[in-house]
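Two complexes, one shared chain (chain A), two partners (chain B, chain C).
Presenting the complex of A and B:
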């Protein structure tokens, strides 16, 4: 940049830059205003107001805000459990996905079969079914898991199958040249994995894991079906039913889920930006 | 090298699963050798805790306050049973269909959940005798439906909670003694089973029109009316329900002594009017007297 700002003359590149910035500012302003108006429309839809607009009767959903104020704290008590469930499940899922990816890349028939069998079985059945199955099926084998542990197992095993592909892509992203070079200087397979492949693969794998975590936050709601895990949706449904205010209770739960995903999306964006630094 | 590690990891994973199961089985076997250790009552007293299942969907039987505390008639009864057993009560919240399905797998010890005693349920569950209170089942209809008499119910769609005696009765399955039945099921009806009784009420509240009638216990209809839902009772009650404390017939531990002990406690609670007091506190009337006597 040349600092000729003392004179009024601006170089063409500076003018272009200014124009670009103006456009960008206008775009962002437009986005924020649109978000705000969409939010206002959404709030209006739940305001319970009735309006006459050009002769058309507009009805909105009426909510008992007193109920919401009174019961929101109890439902909020499930936020910690929802995050905890997602957190442990994603850790289990990552471990399984790593093993699954190694299995998918393995040259041993049995190991390859084991990995593909696992992926096929889990991806071929609904998550809700798996959660109920873990909860109902395992006690028959004499394994009695608490609702929480059964939930973590089911979610972890399910997500692990889907995340296998993420890990496989990460491992395969390390070029063959690097592998050959490592082997050429006498590294063992294990050293090759530890020193060459994994450090590079992990950087690629973490952002999609963040994505999966955000998806997981909402899928934890499925664990409420067993009735034992007092996460957000379970609490909302119980309070809603007992007081005949289901809609209000679900409204509260929806807000909490939404806020949670917004927060974790922001965090994930940061992490992604941080990890992408080295790429430039 | 890599392969060996992976293989051993897989092996470890499966072995750990298998060893988990065999561990449990072994301990189960050894406990059946020692007679006293196999007794459910002894185990509960040793642990000092009884796990009671409850479904906090229902005011005033069982629901959660804003602070998340269990309250209600069933809750008071359960706590009193715990007190008289000399143990602490912990509540567990499985879904209703899990409770009536039996095979609890030791996840909770007893159900104090307004469960109607029926012949079908007695095949998989044990019940404490006598029942701890009684309720009647009745139709309720929306105020705008114009349905006021039992005859009006014929040919209509009717909402019920799934896996309940209401659903069975509508489907023509009779599981009560004749003396408890006050009416025959209506004809040409469509039964709509939803997850809980409250879903029926809620559907009406939000203006859905799949049905205008639901069948449930009097207590639930009264709770709905109290909460401002525009419904009313239709005709007279259709049958009486004996609501009793339930136990898992297939529990790993022998529950004979526990059933006897709890039955004795229920008899005492009837005698010393504890149950009547609770009933008046929560239902504003005494519902603990057998209506068929």
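Presenting the complex of A and C:
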């Protein structure tokens, strides 16, 4: 055993804790180093260099870095719009998902049918198609939407259908005993929902909503098909086409999406840790 | 004494299972009635019919003058049902505290949300009832940090805060560790001494014997025997009561060894 000084003999639990910490540190260090090496390999793949490795000729993708440097700021100008699209869409999706979940749990046949019909229709068709449909179809009804609004509607309605199940599970996770206790003190169905069920359901629902938000960040790229929303991918494609540097432009867009995702994943992790720390 | 609860010709079915068969009885003001019987005998269902957590199929129930017939529906029915729930306090076997609220919030939730009591006044009511169950110092804790016995005492305080005419207890000690049962029974004893009207479904024969005015033995949806604790526990008339009590005695002896 390794005593630092003669008098302080460590207890067994302290030693186990120390060992556990050391193992955890070693694991994390390994993870960081591996990430770094994978990143270097990825960068090398785009370096345009050629290398001999064990007698094999390795070729890499050659990019015009001057183009990247010059046009990255223009493409970065779409970041705000991408976040804005995701933000409004996830709010719309959450509202629809909540209503959808209530519908899925309803005992009124028509309400239940409305919810399941919505979910079936939206989950049964591609998101890309829905976006185009909102942009091209609604004007025939005299509803003229900007690409931005059509995009938010399509994304919100689409994600709302998928998130309905998340909300339903959240609401159902609040046990029958909670409902009975609330009814027994005289609460109405509405009070029971507002005061007892939703506050408990929301805790369970927030982490998966974060997940959906991160997925949505990238699905906003599909809105570029309307041709009038200057988000990241649209800007990238515009510059790429104009200068015949499609690969470079997409490379820039990919980096921005990735960085955004990493940032929001970190935020999500924080939120989850906060929620877990609560009073449960 | 006027009766607080009147149950008339009550029938309850779960699908084709006839759980309660033509039950009639009443509970007078300040009376303490214990219902005993084996599991599946219908004792919890009977209790839950009184505040309509279960809807009876036939018969009528009246609580403090509010009458509901099983055949009713509509707005007037719902208004009376709400009144009955305000007049009954219920304590569950599994406590069912609201986990996202502190102890005090649990207790004042009913007064504030349901009765629209002024929050300041509600807090006073909350403190008073927490003191009653001996948990003043836990008022800002969340339920997950309390023992089962403490949680059940909070649940009692939550029901009391609504100032009910009658307290319904549905096996209040059945999910507690043996060493925690006494603290809940002590609170219940305090309520008996305060003159609270109580209807208690329980397996605690000691409590029933010492504090009940009447004991009802229920079996397969029928009242087999109703009487004073002395009658039921010392000289049960019906064979089924004897068998049930003997089985319980043997079980308790085996546990105490």
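Basically, the second predicted complex is superposed on the first by the 271 of 280 C-alpha atoms of A that agree within 3 Å, B and C clash if a C-alpha of one lies under 4 Å from a C-alpha of the other, contacts with A are read in each partner's own complex, and residues count from 1 in each chain.
We take it that a contact is a pair of C-beta atoms (placed from the backbone, for glycine too) under 8 Å apart; a residue touches a chain by one contact, two chains touch by 3 or more.
Nothing here was measured: the structure is a model prediction, and the numbers come from that model.
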| item | value |
| --- | --- |
| Which of chain B and chain C A:195 touches, first, second, both or neither | second |
| Touched partner set for A:87, first chain B, second chain C, both or neither | neither |
| Touching partner for A:243 - first (chain B), second (chain C), both, neither | first |
| If touched residues of chain A are counted for chain B and for chain C, the larger one | B |
| Partner chain in contact with A:141 - chain B first, chain C second, else both or neither | first |
| First (chain B), second (chain C), both or neither touched by A:181 | second |
| Shared chain A contacts, counted only where both chain B and chain C touch the same residue | 188 |
| Of chain A, residues touching chain B in the complex | 70-71, 73-74, 77, 99, 102-103, 106-108, 111, 114, 136, 139-144, 188-190, 193, 225-228, 230, 234-235, 238-244, 246-247 |
| Residue ranges of chain A in contact with chain C within the complex | 177-178, 180-188, 191, 195-196, 199-200, 203, 278-280 |
| List of chain B residues in touch with chain A within their complex | 1-3, 5-7, 9-10, 20-21, 24-25, 28, 55-59, 63-64, 66-68, 92-95, 98, 103, 105-107, 196, 198-199, 201-202, 205-206, 223-224, 227, 229 |
| Chain C residues within the chain A interface of the complex | 51, 53, 82, 85-86, 88-90, 92, 94, 96-100, 102, 109-110, 113-115, 142, 144, 155, 158-159, 162 |
